[in-house]
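In order of appearance the chains are A, B, C and D, and numbering begins at 1 in each one.
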Amino acid sequence: MEEANFVFNMIGENWIAFAIISLLPMIFLLAYALIAILGELKISAFIQERLGPMRTGPWGIIQPVAEVVKLLQKEDITPDSANKPLFNLAPFIMFAASYAGFAVIPFSSYFVPSGINLGLFFLLAVGSLGIIGLLMGGWASNNKYSLLGGLRAVAQIVSYEIPAAMVILTIAVMAGSLDLQEIIRQQSGWFWNWFVFGGSGGWIKIIFLPFSFIMCIIYIIASLAETNRTPFDIPEGESELVAGYHTEYSGMKFAMFFFAEYANMFIVSAIITIIFFGGWNSPFGDFMGGPIWGVFWFVSKAFVFVFLQIWLRWTLPRLRVDQLMYVSWKVLLPFSFVCFLALSLLVMLK
Amino acid sequence: MKPNEIFKELKVHFGEEITELVENPSSDTYISVKPEKIDEICRFLRDNDAFKFDFLTLLSGLDLKEKLGIVYHLYSMELKHRLVLKTEVPKDSPNLPSLVRVWRTADWHEREAFDMFGINFQGHHNLIRILCPYDWEGYPLRKDYKEPEEYHGNRVPY
Amino acid sequence: MSEKKYIDIEFSQLDSERMRLFMGPQHPSTHGVLQLEVELDGEIVTDLIPHIGYLHRCFEKHAENMTYPQIIPYIDRLDYISSMNNELPYVMGLEKMLDIQVSEKVEYIRVIFSELNRIANHQIAIATFGLDSGAFTPFLYYFRDREMILTIFEKASGGRLLYNYFWVGGLAADVHPTFKEDITEAIRIIRDTNAEILNLLLKNKIFIDRTANVGILPADIAISYGVTGPILRASGIPLDLRKAEPYSIYERFDFDIPVGNGEVGTVGDCWDRNIVRFREMEESCKIIEQALKTFPSQGDVRENVPKRIRLPKGEIYCKAENPKGELGFYIISDGKDKPERVKVRAPSFVNLSALPEMSRGYMFADLVMILGSVDIVLGEVDR
Amino acid sequence: MGLLNRLNDPIGLDGIIFGTVEDLLNWGRSKSDWYLQFGLACCAIEFMAVNASHFDMMRYGCIPRSSPRQADFVIISGTVTLKMADRLKRVYEQMAEPKYVIAMGSCANSGGPYWEHGYHVLKGVDRILPVDVYVPGCPPRPEALQEGLILLQKKIRMEEIFRKRKRLAEEDLANQMNYK
């Protein structure tokens, strides 16, 4: 398997290269967070027939910069009755967990921070780590709203991990690999080779097309729940729990939660892109192919799903806790089992 | 059913308890009753098929200089008629039976009358202040009420 | 040894520790400064104590110290979302005591403005209810349309929110010349938005899941609690003072009383309460359209306004169907130019008292929805 | 103020660099004003109207937060009663520095129409909180509140950070000397 990392190719495998590689996603993440925050503000404004921020730079495009400058200056409150070590640690764990996910995200055929062959499994494992930060923050705040929010978040994320894991298992079966680069490579060619359309193969896959399509929808729903976005934003549901698990956080620590939330949004979008929509592959065969265009395709595909999350947030009401569990255990899980069996059959027939 | 018919009927059942029927061309007609058995009168009004006053619209306290008054506005959903009952209690011992067990809506109305006038509804399960803070002093809507100079460190008068 | 060994568990003894949660006065979904003391068993509400009075602005004390026309601005500030409706019963009561007959035009304007304000109120009610359920966008759509109604009021009275427009014996000022066209346009847009909201919010599967079979208030309990307005009608009782005891010129118009019939759940649940409000908006539009057809444009709206108001000795209970329920003023006059006592029967106050009954046994998230469906305004609850 | 608490006092360096840094910090704070969702009375409805599509408060960078910890300023929109005063003070104390207050409407400014007979009304919120901007009106028009917002942003833009810290430190030193 060839080394897919342009930094190593350029300056060799030394510590500078490692430093650059680990910082590159951070630079991307910072830029992305600013765009996503602005996108959230502007898209919500567009949906609601408003203008959104207008007075910070032209059309308010540097509004997120102002937010960051402001949040840096805010007083950093640690409540007196909070459990101070846990309270201060929680945002860092939360952020570290979501940043760790970036380690295996293949931005292009020529760049992946860490090309381990267990990428899919790693994403699943690290994705669950953020829950600890959530629960820690919720519990350590010593606030009843935070506690309720933290507990709800854990219940929700743990339940939705299962259908998500089923989907990922199916993909592993279909691709025969857990390596993200390998999964993407199997979807190369035209867009009908994507796993959302059953992967590459003969005409037999048309029978199984609905199953893979349902799988994709299941994963999108589960990913909404994992990132606590509407209609599953009950852990921080404003009208019920004020601000949920981060009620007591202010200043930079709150910004970390905020940042981690947006980072998570990108990670789940990236996973959807990788496992269903061909990652960095161009949809049209060799048209605009290659490593550089790969970054473009990957990021724009992921942004479509980020946009979808923002769109849903400003359209739908919120579910209740028990209804949320109902959706997970009684709808998504059986469906994902059926689809898993069907798609395994497809793999056998191929 | 007109108030005078109700008055006659009540007079038959309760006799002395029902004092008078006050009619005034420019204003509402009301029946004056004695406070001691107001709960029984109201229960009778609610349960009797001829009246069916199932709805307590309003319960208001009054300051009548020497006495405190309590006014009940009743309404019947089914028969669509209204009735006003009025009763008086002395200011130094403002006690009368509570109507919570007749109409549940009386709960908050009575608490408000207690809060504003200090009328003591006996048999009410939770007769505490409702609008003013729980440690407020005095009964604000009494005519001789003087507003406090200070409450919890905040000056009250302008 | 054949005897089966088991541990006898009394589930009532397995009581987990209950949590006492104080919602409010600063909480996004208490609609102002209401405090709810909630006892939670996990997420289930086992008990609920509303603490009100955080906006007790001493209306009744003010009323005793003001002359009769001076009270009208304070009445605006009771239920500040539907000020026009608030003024109506008060001025009608005084007119009845003073034996003043207002002109036809005044009656028409009063009815039209009351109904417009009813629409504005229901818009806020449904909008904030959507906000409670997490849907932010319908809130803004309704607020956008509400501005049109406020502009019509502003053109007539000069005020956006609090009007002091209905005077004893007439109105503060005549309506704007473009009054009819403005209202026709407003009604068209209101209907458009309503059709959109019906699909976006009220018929949304998630919304129905959240509101159907939640916060059920059976009719007999509703009556015992003295609940009025859309909440009572949602429980299946078609009591509307506009039909039951017609006042002003309401008996001339043809309109229906929407009642809850449990289309998606049980009669008297949160969804019913909202759909009743939603349908009432359409009925109000119908009333306004009928009124505009026969609207007498000639006449002075201030010809019967008395120079000085001095009520005869006596008392009156005047009431009208407010958007929230039966709003009543119990006015006692001792013959002076200031009232002896003005007592308000505030519909929100009475409706709120039924909240503990409605919400016991539901989940905490449902409590927010139930509170939203009661549609309270704290200015009126606390007076 | 968060990071600034950890900055050493750059005494004597109030030249171009720190002037620019100060400008940048003030710019950030003035352009990103998160407000506390907190309606009190009638004015709250006008406040919501300003929030909504027609006037759109987000144009000024104002984003609603429901937790006081994350809010930058609070709009006291309506009558503050004595029962509410303690709670309001507490909410204000829970907010993170730097924090600002806009008193919206006559009631918050002075008691408004309730000043004379309102035995339960706090006659002006400035009796318990430091108010930055007063917006008159009963209730103020949305345009008036927008004006108030712009005024608040101007005020934040002109704030001193480093020089004020220097002055405070000097005053502090002087006080200590006097005390000794």
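What we mean here is this: a contact is a pair of C-beta atoms (placed from the backbone, for glycine too) under 8 Å apart; a residue touches a chain by one contact, two chains touch by 3 or more.
As the structure is a computational prediction, the values presented were derived from the model and not from experiment.
Trainee: Can you tell me which chain is nearest the middle of the complex, judged by mean CA position?
Mentor: C
Trainee: Between C-D and A-C, which chain pair is linked by the larger number of C-beta contacts?
Mentor: Higher contact count goes to C-D.
Trainee: As a quick test, compute the distance in whole Å between the mean CA positions of chain C and chain D.
Mentor: Chain C and chain D have C-alpha centres separated by 33 Å.
Trainee: Based only on mean CA positions, could you tell me how far chain B sits from chain D in angstrom?
Mentor: 46
Trainee: Measuring centre to centre with CA averages, how many angstrom lie between chain A and chain D?
Mentor: So the centroids are 36 Å from each other.
Trainee: Which residues of chain B are in contact with two or more other chains?
Mentor: 131-133, 140
Trainee: Would you pick out the residues of chain D that each touch at least 2 other chains?
Mentor: In chain D, the residues touching two or more other chains are 53, 66, 83, 116, 119-120.
Trainee: Two-or-more-chain contact residues of chain C, please, as numbers and ranges.
Mentor: Expected reply: 27-28, 53, 56, 58, 61, 140-141, 144, 382.
Trainee: Got a list of which chains touch which?
Mentor: So, checking each combination of chains, I get A-C, A-D, B-C, B-D, C-D as the touching pairs.
Trainee: For the complex, give me every residue of chain B touching chain D.
Mentor: Touch residues, chain B against chain D: 131-133, 140, 145, 147-148, 151-152, 154-158.
Trainee: Which bits of chain B are touching chain C when the two form their complex?
Mentor: By the definition above, chain B touches chain C via 24, 26-28, 30, 54-58, 60, 62-63, 71, 73, 77, 80, 82, 84, 103-105, 107-109, 116, 129-133, 140-141.
Trainee: Hey, which residues of chain D end up touching chain C in the complex?
Mentor: Residues 36-42, 44-46, 48-49, 51-54, 66, 68, 78-79, 81, 83-84, 87, 91, 113-114, 116-121, 138-139, 141-142 of chain D touch chain C in their complex.
Trainee: Which bits of chain A are touching chain C when the two form their complex?
Mentor: For this pair, the touching residues of chain A are 44, 47-50, 144-145, 148, 230-231, 233-234, 237-240, 242, 314-323.
Trainee: How about chain C: which of its residues touch chain D in the complex?
Mentor: Those in contact with chain D are residues 25-28, 31-33, 53-58, 61-62, 65, 73-74, 77, 80-81, 124, 139-141, 143-144, 146-147, 150, 160-162, 378-379, 382.
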